[in-house]
Amino acid sequence: MKLTRRNFIAAVVGGIAGIQATPLPWKITDDVAIWTQNWPWVPVPPTGEFTEVSSVCNLCPGGCGIAVKKVDERAVKIEGRTDYPVNPGGICPVGMGGLQLLYDESLRFTGPMKRAGLRGAGEFTEISWGEAFDILAGRISNLRKKGTPEAIAAVDGNPEGTTVSVLIKRLMKAMGSPNYVRPLSITDTYRMGNLLMQGTLAPMAYDLENSDYVLSFGCGLLEGWGAPGRVMNAWGMWHDGNPAKRKTRIVQVESRASNTASKADMWVAPKPGTDGALALGLAHVIIKSGQYDSRFVADHSSGFDDWRSLEGTNHIGFKTLVLEKYSPEQVAKITGVNPKTIVSLAKGFANAKAPVAIYGKGKDSLNGSLYEFMAVQSLNALKGSINRSGGVLLPDPIPLSNLPPLEVDAIASEGLKRPRLDQAGTMRYPFTDSLINNFTDAINRNPKSPVDTLLVFSANPFFTLPDGGGFKNALEKVPFIVSFSPYRDETANMADLILPDCTYLEKIDDIVWPTGLQYPLYGLSKPVVEPLYNTRNTGDVVIELSRAIGESVGSGFPWENFEEALQARAKGLFDAGGGLVSYDPDAPAWQRQKAGNGPKPGYKSFDEMWEGIQSGGMWYRPVSSPKSWQGLFNTPSGKFEFCSKLIAQAIEHYSNKISKKAALKNMGLAAIDDEACMAHYQAPKAGADRSVYPLLMLPYEMINLASGWIPSPPFLYKTIFENQLLKDKSFAAINPKTAAKYHLEEGELVVVKSPAGEVEVRINLFEGAMPGIVYLPLGFGHTAYDEFLKGKGVNPNNIVQAGQDPISGYPVWWNTPVKLVKV
Amino acid sequence: MKDPVNSSKKTSDKGGDRPLSGFFPRWMNINILAQDVGFFILGLIGASIVGWVIFPAVLYSKHPQPINFNHALHLDSEKVDGIEGETKAEKCLFCHAFRDDGTFVGIPKLESCTECHDDPESPLGETPEEKAFMTKYVANEEEIPWLVYSKQPDCVYFSHIAHVKMGNIDCATCHGDFADNEKLPLYVKNRLTGYSMNIWGKRISGFYWNKKFSDRMKMDDCARCHTEKGQEQNNACFVCHK
Amino acid sequence: MKKGNDHGKNKYGMVIDIDKCTGCGTCMVACAAENNVSVRADQSDKERTITWMNLYKISNGKEFPHTEVSYFPRPCMHCDHHPPCVSVCVSTATKLDFNTGIVSQIYTRCIGCRYCQAACPYGARYFNWWDVFPQDKGMDRYLTPEVSPRMRGVVEKCTFCHHRRMRAKTLAYAEDRREIEEGEYVTACTEACPAQAITFGDLNNPEHEVSKLIKHPFTFRLLERIGTEPKVYYHSTRDWIRKLGDNFLPGEYTPVVNQTWAEEEWSTKPGRDEF
Amino acid sequence: MDSPLLPHGVKRCSTWAFFFWTLPWVALLAWGGLSAFLCLWKGLNQTNMSNIFAFALWIVFDLAIIALGAGAFFTGFLTYVMGQKELKNIIKPAVIIGFICYSGAMAMLGIDIGQPIRGWFIFWHANIHSMLVEVSFCITCYLMVLAIEFIPIILENRKLEEIKELRIFGHNLHEIMAVFAATGTFLSFFHQGSLGGMFGVMYARPFAAREGFYIWPWTFFLFILSAIACGPCFTILCTKLTEFFTRKKLVPDSAIQLLAKISAWLLSLYVVLKIADYLGWMYGIIPRSGLTFESFFREGPYGVYLIVLEMILCGILPAIILMLPKARQNQGWLIIACLLNCTGIVLNRFLFIVVTLAIPVMPFDRFWGYLPTWQEWGIGMAVVGYGFLLFSAAYRYLPIFPQERELNPITE
């Protein structure tokens, strides 16, 4: 039989009909749909045992408690701890996104590396740890052999007092280099101010939770100042319950309608850099109306009234200074704040039961001005808000043990005699520890870099320093750079050698006294997961490096590993007694416990205590009853000094060397005599021709964007508004009036030009911006990392033209003259 | 090109003389029609073979488990000591346990095995499987890559504790009785979807008379039981989906 | 749709205190981290970025220095009775759960027609325009198995972290309890908010904090007038914020008068001294 | 070359001429093909649609061509059910246009959904409350009906007609066409209505929301009415376009005039009801939501002018022209009126889709703009290309204008 076409068609029809009666078409339709539901490229997170590890966040000096949720070996979520004194339950968005910093491989160095490409290109080849140590130790030994150990320098971004920073400092000393510098933060300003006015070395302790009137001078309470988990929790507490019966009022002094300013009960907007004048204006009103705490002023302060020295010279006191120079009208002229507002503000502060004036500049990651701090602190003194609940507390420094004294060899002791490149601690900057801007200048000024080998720890000065790109230029000149960063940051990309640290979730590390906290707290973070890559805790690396260098350097580090060094320091916590290692949310650490009534430490030996610290992640001493006034102030007068004797001595000391006029000029002082020793307002020098640069640029910080050396977790970019960042352009916020003056519209591209450089941004018209000021967000403009962060927006630090703050020498980064040029 | 019209014309002409020609229209030749039917049936049969036999064979792949596990042996209290439990379910739960937070362990990790099989040098029995298990997994501390017959897709949330403990449903109801099982069956996987055959059902037709729960674990099966039991956890989507 | 779920067992809801909200965005990050929400290199493309919990920045529009900004954190409103998105869904991929009041979204059922997005006035629904995860960066290592990652081409949205309810129930079962207590099940944003601005609980249970808070005169909902009946409530003492919660014709908005407030003169805040 | 396939007794251009004529349309199809590939392979990120513009160009296209394609069912209804024999002269092109519109719309929808492979869930897991489900069911069924209606037309091809079986099959189908026409009418009424209902039921979008009768918002009825008002006009336009390109008279004026007249009445009725609808909406739904009519048009490119255009220029004006016998008998005016009518309906669909979505409902939300990408245009244009190709081929190979031979006797 021949198969005709007709037969064939019949068979096909039969086949088509038949196939409908089989599962084939139906199951394929179903299965293909199921296939789309289980596409192989959509990840299926493996399940397993759910556990939780308690640790401490180490992304900022705030040190909030975190609970990391794990599934088997993977960390899947970070949450705030409710059993941690700093932050009962909440953390900031950066900490919340922390797992991305752990797991985003392209952000990180996966092992020790050697530079392969050009500097800044970020091309590296992997090497072994042994090789890395050989290279670095060899180089250091060479410099030491040549007798130039001071050509080794270190930039250390670890917060002051942490064990790793102590070890790094010790290593520098053992090697024989005085050139240990650190990026500045607000705590440096606090430290200096406290030293000068109160003679204390303990950190700033603002008892915010117990205050009923928080007058914040520029403190970005909601922008990430201090421990964000703590401050925002306090914020929630302040707004708890019936809104009509709220106890605490918050006033924000700031030029921009930031979150803090908007959410505060009252917002006062002085011109940037005039906060000190405003504080003195308030002091004027308070003194004039006699509403100040006369008992505190009389018993525990000096320099308030005019006085006569033993030699018979007349001196003016704080009272006279303020009454003469800072009447509301005078202050209004400086600050632009309505005199009526000044008076009402002063009244609010004066009438409060437990007011506190706090000082800051946005987050805590940039320095402030010494005299501004002194002005604000003088307000606290006027109202007796010092050593009083709800005011500024004066706790003892945290009782960590000192490490055994270091014996340095001849090379090192010679090296240590050489002057510091940054001139910190010289007569010119008598109270300053470290001045990174001067350090940068010293490298840039010399034709040949005085630094041969630069070690960078936990810092990204290339990106974070408000120096108009100075550090970047310096890096280009330094022959050999070593980065210890776990992240591929801008500075690390310039490095020749990478000895990567573990991220904060992979290592043990300590947090010493979170910024602004009113009680001593020692936090301990622990490895939440095993290190993912071939990275090592810098604490261990420093110890190992010292051994690799050998000689007396190695013998200065007798510890087996970093943990032993941590324990060696923590001994002091045990010896001091009374510290707690567990936290009960029902007894907040800021609640004043009656002596003997508070929770008791449950440990009996150091090992027990250490075990407690390791599992709970903390050692702390809750706020106790006010301290005895006896010996509280360690100033020359033994009292709170409105007029700092130390400053007077320093000026006199310097004047003995050069003329007084030259001395004052070098120290950056316009005022003379007593005024120079007291809080006063000094207009910052105009760094440029203001007719060419008619506007001011002010960098501002946001809590939902990391602006320090830690990269922002990519999740954070979800929280950035499209009028802050759009594609690769960040926005400058300016007042619509300013915009109208320059005929600028929303979204328009402009170049912000300062004498130090220029950046291209878009315009955001914001009513809450002070007219005449261009606000640029900090944290954008990375040139390193991966596609999530790289090339997004601009970094305002690159155009900052910083002057020097009188006496401290700190950069005045809030006074950059700029102009706007349409693109 | 050959003209189809002409050929059909020819056939229709021939057909005119056949019996029954008056009944069918002229162009419908009964002979041709019979031929048509024949080829139609041929196609039908061919398609059925493709659809019912070849297709399933191609669609599914079969995988043996990495090593055998003898459930019967382990549950035999005369031979193996220590696996306790009053009921069958309790015995299952001895290894396939709930954690403290109520989550289900599923197939136990190696550490459960090594509670007894702790020394790779001295096996407890004499089977070659155990030897292989000892040398390959226990000695290297390597987890056994079990293939899970009842693994649901990622979109499914299933709480064992809600069903077994709170709902008093026996393990065997859904999983079948593994207590007497000596040899682990082959794992049959759908190449297209990646599903285990135990999920979609062992019958390619998808039809069952008197279906048991252990036959299939599709959404409809879950929903049916939920509806029948009329629980407060009704058939809301988020009860079973994540 | 039947008006049935008043008789449902639980009706979960949320009250967000705008005065406490600091606009920090932790809720957004917590939500994204908890729910395996995708991240892409450019997230300034707000029309296509996925943010189950989204912050809207609002301003009182006054001139410097009387300007004030605030934020509306906006999860899915889990509209009651007749959510605008549920009835329009073609493939029954989204439903209002009778027993929890949660509007569910099943990604494997969704065909991606996006009708629900068109119907939702809150913009709470997000389409997966891209395949989820950046490949080969190791970022899938932080994904939690409790929430199924989405494929491209489907709509997703806030689920009130219903998996946390399952987690709480599983724990309760392990402890021989059938019911879960207040606070055992809260959403990730509630838990994460560092200012404790979010309260979450069962609106059907008069003992729960949320049930008390929603009775407060300062409490309001977004777009109440169009009848979506959201189960997310907001709370603010500031009139200008409350006024922005809905559309009002001139003269329609009546401020909440509170005598105690009126007596306090010390604050210069606009909105505050108006009542 | 293809002369054996051409209908008897009519003149057609040369094969080469036809080949070149198809090139631009093939190019459009290729553009669309590339776009479709990209959208299916890489996903809808190839478009500029967004979470705000969840519906965009494609849906506008879909709704527009489905409305314009209404000529098919409505002419069929008039011809077979109402017995307007005059319209037999135009029913075939109407059916083909309908088929093009509906199949094009279906293809676009297939690409528009995020998970095309799961498209059948609409039927399998149907949510009967959803207007879109009703639309999908009816459109799918109606597309089948259109296909069945199209078959006898195809079978009229000279070559195919030579096959006896097919000829008889085609004839038999033709006999029962009234049944299909009635079915098509029923299905079309529902999906045209449901397409309107889709928007009217979005009660949380005050710009689109409408009250209505039982479960059907007013837009349900208005969409039906507007579709049958513009469908015939589109059929007229297509015929006129064919006449223009072929330089022949293809349809007797009586048929065209009848369609135009019917369209006129329907359009007038629609305009009146639509104005009533607008008023009811402006004084009902909008103020109840706390909004004003102007508040919808405060910013962005979508201003009140759109409504003015829709109602006056593209509504009242064509209605008047078509109403006046003198005007509609003038070729120019007729074409202008038909164009305006069709534009008005497309504008109406655009307003309901794009403008609805562009206007924020929350007072603090912002207004969004949208511009389609080339991929989106590509797919839209591919439907145009497909339409031209299919209609040209149909005209060339099928006797779709029964009067063509009489109106254009071949004089050689």
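Things to note:
The letters A, B, C and D name the chains in turn, as written, and every chain counts its residues from 1.
Please note the rule applied: a residue touches a chain if its C-beta (ideal position, glycine included) is under 8 Å from a C-beta of that chain, and two chains touch if they have at least 3 such contacts.
Computed from a predicted structure; not experimentally measured.
No other pair of chains has as many C-beta pairs in contact as A-C. Comparing per-chain C-alpha centres with the mean over every protein C-alpha atom, the closest match is chain C. Mean C-alpha position of chain C lies 40 Å from that of chain D.
Chain A and chain C have CA centres that are 32 Å apart. Averaging C-alpha coordinates per chain places the centre of chain A 64 Å away from that of chain D.
Residue positions of chain B touching 2 or more other chains, listed in rising order: 4, 8, 99, 101, 103, 153-155.
Residues of chain C found to touch two or more other chains are 107-109, 131, 149, 151, 153.
Each of the following residues of chain A touches two or more other chains: 32, 35-37, 44-45.
The touching residues of chain C, counted against chain A in their complex, run 17, 19-26, 28-30, 32-34, 36-37, 39, 41-46, 49-51, 55, 57, 59, 61-65, 67-70, 107-108, 131-133, 135, 137-145, 149-151, 153, 188, 191-197, 218, 237, 258, 260-261, 264, 266-269, 272. Residues 43-45, 49-55, 112-115, 118-119, 121-122, 124-127, 129-133, 136, 198, 201-206, 209, 287-292, 295, 356-357, 361-365, 368 of chain D touch chain C in their complex.
Put simply, chain D touches chain A in their complex at residues 115, 117-118, 120-121. Chain A meets chain D in the complex at residues 29, 32-33, 35-37. Those residues of chain C that touch chain B in the complex are listed here as 9, 95, 97-100, 102, 104, 106-109, 146-149, 159, 162-163, 166-167, 169-175, 178.
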